[in-house]
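These are the structures, in structure tokens.
Here chain A shows up in two complexes: once beside chain B, once beside chain C.
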Partner chain A sequence: MLNAARSGTPPPADARAAATGAGRRWVAAACIAALAALLASRGAETAAQATINGLVTGTYFALGAVGLSLVFGVLRLVNFAHGDMLTFGAYVALFLNAGSGWPIVPATLGGVLATAALAAASELAIWRPMRARRAGGFQMLLITVGLAFVIRNCIQLAAGADPLQLRLDVTSAVALPGGLRIGTVELWVVVAGLGALLAVATLLRYGRLGKEMRALADNLSLAEVAGIDTRRVILATWLFAGALAGLAGVLSSAAAGILTPNFGFQLLLSLFAATILGGIGNAYGALAGGLLLGFAEEWSALFVDARWKLAVGFVILILTLLVRPNGLLGRPALK
Partner chain B sequence: MTIDLTALAAPDFWIGVGIVAGIYSIFSLGLQLNVGLTGILNFGQAGFMAVGAYAMAILILRFHWPAPVALAASAAIAMLAGVVIGAASLRLSGDYLAMATIAAAQLVSGVAQNAAPLTGGNQGLLGYDAAWTTLARWMLARLSAVGLGDQSQLPLFIVTWAIFGLALALLTGLRGTPWGRVLRAIREDEAAAAALGKNVFAYKLQSLAIAAGLAALAGDLLALNITLIYPQSFSADVTFIGFAVLVLGGLGSFAGVALGSVLLWSVLEAASFVRLPLAADKVAAVQMLIVGLVLIAVMVWRPEGLRGKREEMVLRG
Partner chain C sequence: MTRARHATALITSIALILGIAAGGAMMTSGVIAAPSFTMTIGDLEPYTGDLGPLGAPADKAVKLATAQLNQAAKQAGLAVTFKMVTADTRSDPQAALSAARQLIDQGATCLTGPASTPESLAILNSITKARRIPMLPSASSTRLRTVDDGHTIFRTVPPDNLQARALVLAVKQQLGGAQGKTVAIGYQNSPYGEGLANTFKQSWTAMGGRIQGPFGYDPNQPSYDTEAAKIVAGSPDAFVFADFPDTFGKVSAALLRTGKFSAAKLFVSDALAVSPIPATIPAAALNGAHAVNAGSPTGTPQAQAFNTLYLSAPGPKRSALDANNFDSGILCGLAAVAAGANTPSLIATQLPKLSGPAGSPFTYLQLAAAMRALRAGTRIHYVGVSGPIEFNAQGDTSAGTYDLSTWKNGALVLVRQINAKE
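Entry: the complex of A and B
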């Protein structure tokens, strides 16, 4: 291990597996310790209610983070426009729902499809030509920043900066056993979000596309030599990331009950935190990281003022980068 | 839609543009030192700007320090923040550093919002500029001798560009020293610089601390210009406007920063004078839309910027 690190070669596979195993144990230990501390100090019911809230937040964090992570995994691109893709999906759904009077389910689907189309369009108009020119990482990164500004401000130009709301009944709630409650909207957010995540996880694990994506993430030129149509897989990755971002945008704005043009960018750093927490480029890691971050933010509100909730995400992002930059589930080989 | 060109002919319009352009020139000189010279992606520059501006305002308002001391202290505090944040994050490379520094800047913003007794929270702080107003009045009295006494914004314009000139001279001088050559070596090949026995981490830390000090000075001047600071004055957008200035002027060119800043802010401020039938929030959206388009256009068609050299673009591959 030491020699490998010194000479700069990746550690052998068994060390990698051991590190991942240690990582899993680390996650489990941290979760259990956090939960135990909560239960001991704030009472079971308060802790359970915070956990339910954390599940709601974690669901849309995970949806957003998986898309971000897929794009990074395949293209090594940190997409600063991802948060604004969430905003875009939410505004399309809001426009269809509150503007044109569509029911919420088709409006959500409209938002998802529109965001997938936006992501695919960005691939065709910008990313594919830029890769063909062998643009550097700095160029690509600043283009994502520019794209974020363009998406966000086109939305603000079209819809204004005033907060808007989906047409949903946000007052009704479902009683759960043990005196716990969850809002009806939030329940649907969890059901739809976890359902989508499960479908994506299955598809990535067993589908041909998932295998091809992993091949590209491992080594793009090797995948190309092996006969994989990399252009098609990359386009599919963008469609996927866009669709997930659109769904995350609709669900998060439904749960938050409010939507402004800055909405997605404000979520972006939490999505970065979730992605890094799970190991950047690892879609399952992003899923776990998103849920974990959701719990962490809601649990933190039991101890410090809820106004610091967002700051918890930033602290977790910085701490993870410092202590375990490859994430809890990440492979140490990533640069 | 009508375009009112009379405003564009007025000197006070251009003095106003000049002040903002000067502030962003100082701000982006720091980015140039980090990104263009050392090859470190500092996405948290607006956070250092906030530290500087808040430090100055708090030292004057809450601790009643004399303004010049508060100004110097604000730069020192921001440099210290640069050392702390850098010590925690500079071992990371590329995109990871970008994410860590932008998160640090958001933390600063969170503190500014939530530590209301000190920072005024979302209402912000004002009234820290009494000493500056006195000085500006004194300068205007001298300026009236040459017939410029009615340009009330001129003193800030002069001070801003004087500070930029000093910073430019300092950084240009530093670039040619062995110290500056090590920074460039780090940008070109970090491992090689380390192999030559250079303490890469210490050099990066110094680079970030100087950039933070420049951001603080820019923040102090911004605070004097807008007379009221609140957390949103230093949002992440400010950092990215700085990057637009940086790439427009060209990576690696210190003087190009001023060119990029004057060009960008002339367009942005002129855009707000085009009388579009739009509400204020939509005019702001047009301005930020321009920033985004500039970033994309420069990176797609002229990644070396107006004054940069293509060989300066070898930023971490």
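Entry: the complex of A and C
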């Protein structure tokens, strides 16, 4: 986990583990209760179809939210430019796929790599110098807002404001047992997204880089004293966050079928919601938060007017924070 | 000093005598003093954004109107010239407001456009109502009927209660009646979409029909699959959508993915009546579907002449609301001639006086004669390319001609015309 304390005496490990375990049980219980209510009131097929739809949405929410959470966990930086990094990745893939005729897989890889490079460049050109000048959190936050506008306007200048689309057939669907359906592109979005999330989770849990990131998240100064090359780890964090943002951008634009320069910014609020819902700074929490938000929005559309489904996501966020102020998998704040 | 005073008194007396004589001459001939001014028509169009496909055709129509006005003023011997300035509203209220400010700063005294209700409201509330600048939007939402506009909004585009009526008539004829027939309604959550959906629902249920929905959705949602599943559930007899191309592109892909959607059952409102089908909307979602949009009576001389004029000019092909935008431009110019000045408040005052049924009828083919009549103080009634212009107390037309078209191989083809009245 990335959100452990930076300073102070850590609480007993078993107490923190117990808190996290309670969070997981709380999530599971809430999901089971919601599913039971769905099944009872709307029938198995409708409930299952809404769950599949929620899985699609939740996958790219989770991908976007994990990147956002990684940056916050390691750097304590709320990155408002993250949504526009999604847009950047999607537009690079679009340029390669629809503009230059590349197949979708290499075009997606191109988008991912380009966004990782953009994120790394922002670290080298903006964030590292700003940290060296001991810029405060508020200044850094304002810079992220400014960077968001710069990225969006550059995209608009280069590609125009009109909606564009990848060369994909977004109308075909795969029939599943029980009369259920999932769009062919959406199926690939889920497979690719969940695969990437699994790889990231494994790396964070068992990889050396993941351990170093956790060490930085716990206490940057201590990690430095312990001999960790913090500059390298921070750069790697940006590379990872950028790559995940790029992948989330390509996958979400592929699933939606249409891409505009504002699309990442429109997703940003949901990504923040997923990050906070899971426990800010906690990459696994962001993953859970993203998926849960996707399910909640689609399930809610069966009960309330679909116009309010974005608002429903935020109501769930508020309710969750009332019960668990640190988010679903967040640990209690240290005193 | 005394000599100077005498000189001043002499000059003043001569000027007064000349003035009285000139006034007398004008009174005897019945012609009001010929004004001399350049009028600027401000054209607010969505060249980009959701309504992007409507921008260029509307712009071309207002340009043609400006050229007709200049030609007629010359023929009528008036020292009045017309120019047009244009700006992109980007289908966005904030951008529309900025575009309107830009045009007004360039001297625009009468605005044609914008194309949507949120844009119109932003401009009305921030600028035009306070400064009494007339605006002739091509937005059709009923929301603009209820807003306090200080008598500055006039529409040549029939309001959506008439469009909903035309949609009802189109669906009813297709289904062979409304009694017991179920129509699923989907709409974008906007004043335009909600207004149309609710008005359609009222009219359809009043005829004994059943409604599934209406299902509203936000244009910024990441996914529309659950909404699509709800819309197609139970296989309704027809689908009616009030939406804009960008959002409908995403919604229609979700509808097709359900495997239960048929374009042959689909009827859409004017904002989606775009031809050819944009690349962002799956062709399978619209080929075979029907669209209703404000049209113009095809049989009248002015409609035929406008068709020739429009098609012979370079630029885009005919599109929804081009005739209405042309009429808006002509009305702006005629109102300025009637006012005898390039003053927004005077133009706004004159606009309702150009509508029927009172006054002698003139079409754009008799613009020079209409201008001469106006300068002679005669009340005229402008008969538009889009049909008779008869403004009610809200500045709306009370009847409308609608084209019912269908998409064949990606292009809209006229099926028939529907006349809708309040």
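Everything below uses one rule, namely that the second predicted complex is superposed on the first by the 309 of 335 C-alpha atoms of A that agree within 3 Å, B and C clash if a C-alpha of one lies under 4 Å from a C-alpha of the other, contacts with A are read in each partner's own complex, and residues count from 1 in each chain.
Keep in mind that, in the parts below, contacts are C-beta pairs under 8 Å (C-beta built on N, C-alpha and C of every residue); 3 or more make two chains touch, one makes a residue touch a chain.
Nothing here was measured: the structure is a model prediction, and the numbers come from that model.
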Clash or fit (per the criteria above) of chain B with chain C on chain A: clash
Which of chain B and chain C A:46 touches, first, second, both or neither: second
First, second, both or neither for A:317, with chain B first and chain C second: first
Contacts of A:307 with chain B and chain C, given as first, second, both or neither: both
First, second, both or neither for A:171, with chain B first and chain C second: second
Which of chain B and chain C A:161 touches, first, second, both or neither: both
Clash-bearing segment of chain C relative to chain B, given 113-121, 167-175 or 293-301: 113-121
Chain A residues contacted in one complex by chain B, in the other by chain C: 160-162, 305, 307, 310
Contact set on chain C toward chain A in their complex: 48-49, 52, 90, 189, 215-218, 220-223, 225-227, 229-230, 246, 249-250, 253-254, 256-259, 279-280, 282, 284-285
Residue numbers on chain B that touch chain A, as the complex places them: 35, 41, 88-89, 92-96, 98-100, 102-104, 106-107, 110-111, 113-114, 236-237, 240, 243-244, 247, 278-279, 281-282, 284-286, 288-289, 291-296, 299-300, 303, 313-317
Chain C contact footprint on chain A (complex, rising order): 46, 49-50, 53, 56-57, 60-61, 160-165, 170-173, 175, 181, 183, 186, 252, 255-258, 260, 266-267, 270, 298, 301-302, 305-307, 309-310
In the complex, chain A residues that touch chain B: 78, 126, 130, 135-143, 145-150, 152-154, 156-157, 160-162, 261, 265, 269, 272-273, 276, 305, 307-308, 310-311, 314-315, 317-318, 321-322, 325, 335
